[in-house]
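Order of writing sets the chain letters: A, B, C, D and E. Residues in each chain are counted from 1.
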Amino acid sequence: MIKSVRLEAGKPPESISLSDISRFLEKPRGIIWVSLEKASNTEIESILSGVFNFHPLAIEDCESIGYQTPKVDDFDHYLFIIANAIHPDANLKDLATSELNIFLSEHYIVTCFTDEAMSCVQNIWQRMSKDDRLSARGADFICHAILDTLVDEYMPLLDKMDEEVEWLEDQVLANPETATLERLLTLKHMVMSLRRVISPQRELINRLTRDEFLQISAVSRIYFRDIYDHLVRIQDMSESIRDIVSGAVDIYLNSTSLRLNTVMKALTIVSTIFLPLTFLAGVYGMNFKYFPELELTWAYPALWFVFLLIVVLMLTFFKKRQWF
Amino acid sequence: MIKSVRLEAGKPPESISLSDISRFLEKPRGIIWVSLEKASNTEIESILSGVFNFHPLAIEDCESIGYQTPKVDDFDHYLFIIANAIHPDANLKDLATSELNIFLSEHYIVTCFTDEAMSCVQNIWQRMSKDDRLSARGADFICHAILDTLVDEYMPLLDKMDEEVEWLEDQVLANPETATLERLLTLKHMVMSLRRVISPQRELINRLTRDEFLQISAVSRIYFRDIYDHLVRIQDMSESIRDIVSGAVDIYLNSTSLRLNTVMKALTIVSTIFLPLTFLAGVYGMNFKYFPELELTWAYPALWFVFLLIVVLMLTFFKKRQWF
Amino acid sequence: MIKSVRLEAGKPPESISLSDISRFLEKPRGIIWVSLEKASNTEIESILSGVFNFHPLAIEDCESIGYQTPKVDDFDHYLFIIANAIHPDANLKDLATSELNIFLSEHYIVTCFTDEAMSCVQNIWQRMSKDDRLSARGADFICHAILDTLVDEYMPLLDKMDEEVEWLEDQVLANPETATLERLLTLKHMVMSLRRVISPQRELINRLTRDEFLQISAVSRIYFRDIYDHLVRIQDMSESIRDIVSGAVDIYLNSTSLRLNTVMKALTIVSTIFLPLTFLAGVYGMNFKYFPELELTWAYPALWFVFLLIVVLMLTFFKKRQWF
Amino acid sequence: MIKSVRLEAGKPPESISLSDISRFLEKPRGIIWVSLEKASNTEIESILSGVFNFHPLAIEDCESIGYQTPKVDDFDHYLFIIANAIHPDANLKDLATSELNIFLSEHYIVTCFTDEAMSCVQNIWQRMSKDDRLSARGADFICHAILDTLVDEYMPLLDKMDEEVEWLEDQVLANPETATLERLLTLKHMVMSLRRVISPQRELINRLTRDEFLQISAVSRIYFRDIYDHLVRIQDMSESIRDIVSGAVDIYLNSTSLRLNTVMKALTIVSTIFLPLTFLAGVYGMNFKYFPELELTWAYPALWFVFLLIVVLMLTFFKKRQWF
Amino acid sequence: MIKSVRLEAGKPPESISLSDISRFLEKPRGIIWVSLEKASNTEIESILSGVFNFHPLAIEDCESIGYQTPKVDDFDHYLFIIANAIHPDANLKDLATSELNIFLSEHYIVTCFTDEAMSCVQNIWQRMSKDDRLSARGADFICHAILDTLVDEYMPLLDKMDEEVEWLEDQVLANPETATLERLLTLKHMVMSLRRVISPQRELINRLTRDEFLQISAVSRIYFRDIYDHLVRIQDMSESIRDIVSGAVDIYLNSTSLRLNTVMKALTIVSTIFLPLTFLAGVYGMNFKYFPELELTWAYPALWFVFLLIVVLMLTFFKKRQWF
């Protein structure tokens, strides 16, 4: 689907047709925003190549499926930006990303995505009619608004991961099960993936803030810096989550060997008590002809006294060693 | 709460009203310090936006709750600084931070925080009437004094953590319990959080020392360098604590398997002694018709001699192997 | 084998002889591409030294067998490039590389390899007659096309490794065997080797993009940047695979100790139940003259009740502790 | 204690009084060296502030107790240097440092320490009357001589640690005890502390070599480079010690589980041999009326043969599995 | 021993005396090479200080025993280079290094070593009479030839280590013994030491390639770059060996706990089978007056059936759990 609109300060947004775009590009007045949503390859080629005449490599990037690393390419007359939105699944099992492509010049902004939906683009498109600033401040400010929304959408995931990790940390102390370890490792996995998406995205925004691109005014650069701060914070949080996960895995692994210790102590206590007793009972079960103790009336009760003495002594010994 | 004061070299601080501030900003004489304490969003907007006309992104940062990474933003006419004070809880379980925002220009300093209290600001406010240097040396020197106090407040925490880690290190050798491991991991956790607060704070102070900001005189830069030295030292100490914690965790984990060894040795010694004895007793408890040994008078005492011999030989063998 | 061809925009490729090359070098028109395939040292020396007079060190690099790190050397009139294609074996056990040497100037490109085959060179050679762009855009574009194909050939390996690691991750949870660990470690090994090939290759392409080599036009630089993006993505994927492998090894190692726990619990349950029972049976097998219990008619059935009571109590105790 | 001396090329050192210093500073001839040893705060303030008028922050650093990170501060007319000498205790248990402060200008050098003694300063003070070069080459050469001696004093510690680690490495193989682990961890601890002292010290000397400080002549810079080489070597050695310690800890930890294996094998061999034997003896101790074997004359000796057969078979089986 | 020779393009090398050197230095024609082999301190001082008047710090470095980090010092008129050759012992147990000192100017090269022999110097000395290029291309080319040979001598060690690590990797799977672990750790140790020698050597060669030293012509710089490539490759290989060693140690450590699992399973199977059997035998060995089962004729054979049933059931259970 292709949507296009012309914006001018103080005026409401005006929908335009494809032929208007070509006329506008020859003689720009105000700015235009063309949005390719759930774009097919035919749409991409007819607009991006046919109308705007963008570089074939940039168009190839728009068309190619599969994850692409965020970046900004400077094609003199326009910037080509790749950014990635995230779509965590409900159970925090996997991190799906969807790609947003932006072409930014002084006079226009073209956004393009091939996935079903891209909320950051669609939100800003709707805000256009209400928020005057979007019309008044140029294409770079619209680009900022879209990327700011895209980055803001990372926060709920991080909050969810933070909650999950807190819960798992408590769980690992109270009731360390294999399922807990698996969830910890899945979470670690997700944080690692997240970091690999965020890190080049941060570098991308940093370049928009720092490099003197003609397409981005000095005033807008401060706004991109605000997105940068957000990404720094998100990276901080993900590192923090990774640290807690590592600590929780350590507690888990130690709990495994602690339980082994408990099991072995139980076995050792029972064995060291009953093996000597059983031996003694075996001795007085022997069938020797000459066996003086067997004749004594007090021998049997006396042996029970010895049995009890051994048990008490053993238990005292293990108690002293804090085995239970 | 909003407090404001005008300072001039050689004169006592003079309280001023909000309307005085506007007049001062048009025609500055001396410097003013405006302090927003436990500030509500209404106060922030009326002063920072209404009176000072600061950038909306900076005001957004002042209003937003939640941790923000320390930074300095250069808005040409003024610097906007975010720093973080720390509030460790009494049991060293968690590291709470509270945010301080500073707007610094040649002619004024505006400090702002939304939390209950911020001792570094309040201490310097009180010192103002006693310490002439604060009036005489300009807004950048007041800014230095506040940040110096903020950083100095990290030291008691580090000393406490240092004490705790020393105690835990001894504990882990003397009496390694799960509680000790948990405290170690909590401490490691805190050191990691601390490092993430200190590192950008250090970078922030470093920029104030190194970048040639108009708002900071060459003379003051040396004073910011003094804060930088402190932060380097604090970072060093936190790395040192992290190393000791790691070492202590290693000792702890090894103690777990050492204790397992002890337990298993006890079991093995008792089993290898009594299993053969019990077998022998079992043999002489058999009911064979033809069983010549049972008839011999010396057989029973002789068997006891064999029992003792086996015990002594086994114990000698284990002693040689240093099993106890 | 030596193949050589002259290319001019708008004309079909024209095969040329060795003597044509010498004449061309004196008075270039269009560009030539000389391809040494499965080259012997005699061929290398006669062409690269005899005809082109390349630097002896570059020729030494072409002749030397054994892995060489990717690089680009600038010999003023021409660039000398070493790149490495990969040949993973079918079972993902080992990573064989084969070396491609390229000499690039404004007027010619010379490719050279000593191995049996090099598909990226041979593919482009065949594409030459169909794709006009190769004739029209100069030697640097042909160089790009070859390196792009060489890098694209990495993808199938990474996809295979990705599949393998996913399978192993599931395997390690369902059925952790030594063979699984060995395959995980082999995979880790391969990822490490791969990273060591990719990293300097990425640096090589980066230099071709960034350094202002006379042999590479500004237009072509964007195309090399496209290869660079691919290598960044490949490095990302290999890091991701390495992370999953590490996580899987962790699960595997923990499964080993979990199984030990299961084994020891079984032993402990059986021992702690039967050792007391056997002791009691031993007691009533003793031969004391004075042994009142033996005379009672209800003693034997009563003892069986005690036996069962002990078993039930023990099992309840272990059940409560969740030992099974 | 305050000592001061005036040095001129070709003349013996001449002791001077405090008032001479003030006169010298107005009209310098030759160079002076003022040494504050075991300095009290009164002495520091009267000389460093009163006579030399040094910056209050530098004086604060001299007075402050507690470890300070090595650094050099450039106060235009003079450099302020903090370096740290080390005092390892005899048992290699802890690494005490003591701080040396140096103020260096073209015309004077002021050294200051608050600890009991500082051998590097005191050695050079004594060498002054013997070694002409110290008088002839200026204050920067004296500074070099002091810092060179300070760094040379690190070597004996590193040699001692090297010896200790070699001994511990052999010990861990021959006789791995908890005490060995503790010493290894203490050593690791010390190496880590040492690295944290050396690393900024190396950076400090590097800056003296590289930055173009007015106070240090081009000729002297080569001499500071010689100290730098020493620190590089010291850092190398400490990394090497750290590596060997890590390796030794690995061997130690494995020895713990190897010993557990040995213990468990002993238990298993004894149990698997005697449990079946005891069962068989128990069988022939049963009191069944109908029990044909008990009547046979050869049954008892035959059973002993079976006992021996079981023992031999079991031992052969374990021998084959290389269990002993 | 001191050897010296004068080289001129197109002429055979001509031996010269010490007095010739002094005369040459005043009025150089061609180049000279002075080689101090197995040099005593007297020789070093008479030649390096007396004749060449080199800097005392460089001479100190030549005389000092013990390992010195590779480096290049620029003394304006000449470069001072320290490089390290390696002498692995036959059993790959330890890595001995021997130091080579080179003084390089436009007109002369002085090589100096204090050890018994230095093959790279001696080889080039012999090649001098055969290889014209050494005479024709200047002192920097001779320096390159020596360092190239020195670096080439690292390869056999790396090949040997590579072979050793491959053998150990197989060994650790087939037959993991403590000796294997020790050899792995020794190898890891050696790789670490090697890396610490190679890394500054690489930096040294890199500086000779990159820094614009007057003593090294642009043409020679390409030759030093060839040595640099070699060192990069050597460093790569050593990292690869380190990785394989780590992987092999992991397999080894896991094999220890796998064997513990096997041992414990054996114990558990034997115990859980025979403890119940022994209990039952004990029951029918009791001496109760009222014991109805003992009177039944079919009781004894029936019990053997029960015994066998228990054994079969248990073995089926363990078989199902894949315990053997």
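Please note the rule applied: a contact is a pair of C-beta atoms (placed from the backbone, for glycine too) under 8 Å apart; a residue touches a chain by one contact, two chains touch by 3 or more.
Please read all numbers here as calculations on a predicted model, not as lab measurements.
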Shortest path length from chain C to chain E (each step joins two touching chains): 1
Interface residue overlap between copies chain D and chain E, same or different (over half shared): different
Chain A and chain D: spacing of chain centres that average the CA atoms, whole Å: 41
Centroid distance [mean C-alpha coordinates] between chain C and chain A, Å: 25
Chain E, residues touching no fewer than two other chains: 257, 260, 264, 267, 271, 275, 278, 282, 285-287, 291
Sequence of chains encountered when the ring is traversed from chain C in the direction of chain E: C, E, D, B, A
For the chain A and chain C complex, residues of the former touching the latter: 55, 57, 60-61, 67-69, 71, 73, 75, 178, 181-182, 185, 188-189, 192-193, 196, 200, 249, 252-253, 256-257, 259-260, 263-264, 266-267, 270-271, 274-275, 277-278, 281-282, 284-287, 291, 293-300, 303
Chain E to chain C touching residues, read off their complex: 173, 222-223, 225-226, 229, 232-233, 236, 239-240, 243-244, 247, 250-251, 254, 257-258, 260-261, 264-265, 267-268, 271-272, 275-276, 278-279, 282-283, 285-291, 323
